[in-house]
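In structure tokens below, several structures.
Two complexes come next, and they have one chain in common, chain A, joined by chain B in the first and chain C in the second.
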Partner chain A sequence: MSIDQTTHGTGHGGSDGHSDGHSDARGTDVATTAGGGLPERFENPGLPVHRHRMADVDPKAAKRAERQVAALFGLSTLGTILLVVAYYAVPIEPDERDRWAQIAQTLRLSNTLLGIGLFLALFGIGAGAVHWAKTLMPDEERIELRHPMRGTDSERADAVAILQEGSAEAGVGRRPLIRNSLLGALVPLSTIPPIVLLRDTGPLPGKSLSETVWKAGTALVQDPVIGEEKRIKASDLTIGSVVHVLPAGIEDTEHPLDEIAKAAVLVMRLNPADLDEASQPGAYEGIVAYSKICTHMGCPVALYEQQTHHLLCPCHQSTFDLKQNCKVIFGPAKRPLPQLAITVDDDGYLVAKSGFSEAAGPSFWERG
Partner chain B sequence: MSTTTTAKAAGSVGNWADERVGASKGVKFLARKIFPDHWSFMLGEVALYSFIILLLTGVFLTFFYIPSVGHTTYTGSYEELAGQQVSEAYASTLALSFDVRGGMLMRQIHHWSALIFVASIVTHMFRVFFTGAFRKPRELNWVIGSILALLAIIEGFAGYSLPDDLLSGTGLRIASSIILAIPVVGSYLSFFVFGGQFPGEEFIPRLYTIHVLLLPGIFLALITAHLILLVVQKHTQYPGPGRTNENVVGYPLFPVYVAKAGGFFFIVFGITALMGALFTINPIWAYGAYHPSPVTAGSQPDWYMGWLDGAVRLTPGFLEFQLFGFTLSGNILLPAVIVPGLVTTVMVLYPWIEQWATGDRREHHLLDRPRNAPTRTGLGVMAITFYLLLLVTGGNDIIAVFLRLSINDITMTVRVLVLVVPPLAYLLTKRICLGLQRKDREKVLHGRETGVIYRTEEGEFFEVHAPLDDHERWALVQHEAYRPIEPAPTEDDRGVRRPKARFDRIRSKLSGFYFEDRVEPVTPAELEAAHAEHHGGGHEAIESPDDVDRPALAGN
Partner chain C sequence: MTALAARRRHPLAAVALVLLGLLVTGVAYAAVTPARAQATTTSTDDIAAGKALFLANCATCHGLNAEGRDRFPSLIGVGAASVDFQVGTGRMPLQATGPQAPKGKNKFTAEEVSQLAAYVASLAPGPAVPSAQQVDPAAGNQSNGSLLFRTNCAMCHNFAGKGGALTRGKYAPNLAGVTPTHIYEAMVTGPQSMPVFNDSTITPQDKRDIIAYLGAVDSETSPGGFSLGAIGPVSEGLVAWVVGLAMLVGCAVWLGAKSS
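The block that comes next holds the complex of A and B.
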């Protein structure tokens, strides 16, 4: 091998070789002597005497450590075998459609065995290597000197001279036209095209944040829509009931999820006497509909406390009071949930009297 | 293979490499480089190894994951969702969990590893902070580390949002609302980020590119820079006998750290694999696919986002108001933009803030014991307390259920606590540090308690104190105590007001805040005096008055 192995320490700068217990590591520059003979500060006493490990002095202990390391490496090999065996012995593809419970059981077994195999395979190598280093590799501390990060004065002067010479050669100072035109090329290139190129990452918002598919006459249907839309008959709702509601036809829009994220509504039936005057015009015989999208950060306000008539958003606990036209009574939201004015059609099914009178959902700058 | 043939083979490989890339120079520079040893230096290693584990398991996941919200009907093994309309992202995540052998293990290792990655970065940063390892010349590495920490949080958030499940989709909904709340440009930004309205169809594929390409690329570059700086500047070390600011005491990279650190990688990987085998993480099948209408109670983000969620929960709604027909959502901006922004800014700038207060421009390679920097330690504990209070609030609904408390009471209480407790934690920590320093002084001056009680003939009891030897003592007296920088006179010699006087006054105030209260290490003269007193029979401790006549270390 062509590499000189006798050098300890590092290549660059002084290498100290090993320390022999009390080394040449003396104190820092603080050991100045004050008047009276005593130094002003204590002096660094240097490294303590090295204590040998069992394996350094007792060949039996060293042999024992060697066997322990080998055992740990052997454990790793066993882990790899377990991993491979488990991979083939526990197939998770069900032959015929098993019940989920059976699939889950096989899956759990496969996951556990593969994981434990992998753990043993990895941990055995790791623990073996660390044990090897700690028991058998030299544990006498060595010393390497540091050098200040700063270059020496002459190195710094050289660097400055090189840079000056180089810029003089390029004529940066002498030819301002080149410098200025380069700046004139770089600045626009690095600022304008990135913005222009990002323009098509999305359409402009326009009015879309303020509008939903609700309009006068839109039927209220049950959420989720599975198969055929289920309309809601006012007379089917008892006092205290709550229904998750979507506008009819929402699944046929171009982007149903985008529309649902604004238009989801919660319908509840209360004793009409419990309702606030402000919510009466949009109510039908104690049935009220409010936007389900929190005015704070847009989570669905899906928790209805039937006894207190409070609506709670599970994300940040904004609480809205149905009896006060969904005013915020607790939490980080500011605005009440917008009401959807409803009535019934000729057959007694709930329909919207009009769309929302304001933007439903979280706040944004232009919403006013 | 006999030893000679092994050596011959190694020699020819070495020769080949040396003649092509000059490998011998690299080996000479690196192989015997000395690194100091301490358990706390492993925290950064855990972060590095977690990153490698994330790359390995992440590549496996990309083979099966489909970054698309295109609709599909779920037909996989999981019966509960059979026939449901879900996104391809969600369906493919379920498929790689349930229908790919070892897929569940890989996904769980990936998620656990991500949690460990962020956790180890944060604890590594606290180690660096509390020991003052960020001081000159390592300010730049502190900044790189801070950026890595921030990106790790973003990367984690991006990662757990990719399965498009109900929980993470709710998190994205909140993220979109934060963007919407940005004054003037919020709705435009949101439309550009999401490719239209929320949730849209563009975001998951974009997030995927950011998660698997852009951010890992930046990580690789920054981690490389972080490690190069570590080698160039050499590792810091804890103070102790033989350790000085001009040396590194420890073990050589080859073979000791190749075995120790290399082995430790396998240990970290092994333990993460065991966690993936035994502990369920992020069971997205139980949450269901994302849909904007349903939501689950007890929605919590991963732990590193929890403090921001807690801050959002705490902020009262009245901070939103209308201004000239526009809406300014202070209730969102304050907790989700301003607070994290301020925390980040202070974090990144901290090395310079402290340097300004100490006036110390020297290189520091010896770490501080946290007690010897009481104000810094106090500030760090204050930050941790603030963070923990917010994190707890991020789970206030869970706490309310488990402890049967009113969620409103919890929130109102923490609104007060979050302003009161962190400053108290600062004061308490600082006092504890000063107390520990006094204990150190006491130990140096009067020796260590031996537990041997003597009774004199007169019936007086006293405990025998054994004097410390040089090595024990050095650990307790090696540090320097900074003193506040005195403000320079506001007027110069000719009675003209100096323009920098204001600046100097602020600086001297900051310096006073840091170093007004301090306990200085024992000097040889004090020890001598204490010995003299002992021989005189006194048992009183000698406290050095703070205004002892010594030149200030600071400001020179």
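The block that comes next holds the complex of A and C.
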């Protein structure tokens, strides 16, 4: 082994015979053309002139730098103290449950002091360490030569010999039973467990993404459901009204939030004359219901412009035209919002005529 | 029959007949006329004064009888609440054509606004200006208001009521500093792009809760420090990039600079 090829530069000066940094020899050996233009070739200029720092030559400056570093570390200590004091000194617990607004002021003070304390505590240490290194720690150029990565030929021959010797001594070739049984252990280990374990990440979603709680006769109730479900009477909706709607009984499903994410619906009432033929069959006297889940990325499309009858998705500005059965008229969405066909029951309350016309929400693998 | 005939010439018969006639007319009128939509009573003088103001300021677009034409909507049936909102917030009379009538300075006195509202309300019944008690934030439940606001309003007006963009230059305005009465009227009447939230879809009590929530959002201190307009990741991202990155670059320059 010959790691000792590494040569440490000894103090200033280069390996190629350039003068050390103390003399002002920089650039004098650059060959220039006669015309004063570009040189024919650039010579190695060597190291730049070494310029001593104030703290290197002036003991008073060094002392000053030392005090500055100490002050920065001291600042960090103060920050830590501030952090701990502020944590206990500023109360953030509300006196009564409903007096949250009153403590917002002290909460803000608490946050500010904690933030400043933590900033000083961390930044003080970092800044002190950097300042220390920059002003007081040794400042001299040092040269380390690179050496070849490749080992010598004899080293390489030795390594090959060691491997061959090990193989021969283990007798892999002489004892096929051991070799084969080892293979018999390794191959199943690397293939069977991944298959078995990954299988349990299933089953495939099947129809769960295509189906929602909505089916024929499901009543429309107002979102949010606070206590009792509030059904919607068709006659209560004036033209220009919009209601955020959920299917009745959604809170009783196994995973209400999963179901709401697919089944949320927006109900609007327009002048029936504004609706085109495609949207008429699912409408009831100008009342239309569409999925609130954008067909692009699944954001709630709920920005309804009452005059233009446009529905805007706030995430990527997909715009759907209610007058044309929620056709996409702008933005990245590719499919219209699915319509929920509605009608009224005997008491005049809105109910679904059937489920969505197609799978609601963004595209997915199994979607037909 | 005879008893009635005998008293027909009684000196008070005429008086009784007139009183009876008045009573019948009054009852019939009360039964036939739709309930007066005004919180405060308006006189015919107000309506006349309102009509004069209407002819001078509004009729150019909305028509001499408020019937509307082309893109200018008819005001028949919009109610006093709509007039109080549109004129009271300075949106009407329209200052300039554009995607949306912006909030402006109200050019009328409160009395003139109420006269205009009385005139428009007299054309056909419509939503009335709410009473002070209906819009009293102190009587509302902020927590319930917050729930309703997040479901029904926040997608356009932002979670803190700071407003947001709609399509083609239209926008949902900032709700900070809007009076409770105007908030109520906007919900009832659905001005411009805003949909209508009538008393069935959001009950008057719920409307008061929403007003209470907006009042609380307006007056509350942001516990996190600067709210940066409370418009979400745009302003926060800008500050993080400009201020935060500037600090990081400053530190990097300092790290790389040689000490003097």
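Throughout what follows, the second predicted complex is superposed on the first by the 273 of 368 C-alpha atoms of A that agree within 3 Å, B and C clash if a C-alpha of one lies under 4 Å from a C-alpha of the other, contacts with A are read in each partner's own complex, and residues count from 1 in each chain.
In this section, a contact is a pair of C-beta atoms (placed from the backbone, for glycine too) under 8 Å apart; a residue touches a chain by one contact, two chains touch by 3 or more.
Because the structure is a prediction, the values reported are computed rather than measured.
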Which superposed partner A:Asn111 touches (first chain B, second chain C, both, neither): both
Touched partner set for A:Asp153, first chain B, second chain C, both or neither: neither
Touched partner set for A:Glu169, first chain B, second chain C, both or neither: neither
Partner chain(s) touched by A:Ser208 [first = chain B, second = chain C, both, neither]: first
Touched partner set for A:Thr238, first chain B, second chain C, both or neither: second
Which of chain B and chain C A:Leu145 touches, first, second, both or neither: first
Touching partner for A:Phe330 - first (chain B), second (chain C), both, neither: both
Which of chain B and chain C A:Gln307 touches, first, second, both or neither: second
Touched partner set for A:Glu228, first chain B, second chain C, both or neither: neither
Greater residue coverage of chain A in the superposed arrangement, chain B or chain C: B
Chain A positions touched by chain B in one structure and by chain C in the second: 107, 111-112, 130, 134, 139, 223-224, 244, 300, 302-303, 314, 317, 319, 330
Complex contact set, residues of chain C against chain A: 144, 147-148, 151-152, 155-156, 164, 166-167, 170, 172, 190, 192-198, 200-201, 216, 219-225, 254-255, 258-260
Touching residues on chain A, where the partner in the complex is chain C: 51, 53-55, 101, 104-105, 107-108, 111-112, 130, 134-135, 139, 222-224, 226, 232-233, 236-244, 268, 300, 302-308, 310, 312, 314, 317, 319, 330
Interfacial residue positions of chain A with respect to chain B in the complex: 1-4, 7-12, 15, 19, 23, 25-28, 30, 34, 36, 38-42, 44-48, 87, 91-94, 99-100, 103, 107, 110-112, 114-116, 118-130, 132-134, 137-139, 141-146, 148-149, 198-199, 201-205, 208-209, 223-224, 244, 246, 255, 257-258, 260-262, 264, 292-293, 296-300, 302-303, 314-319, 328, 330-335, 362-368
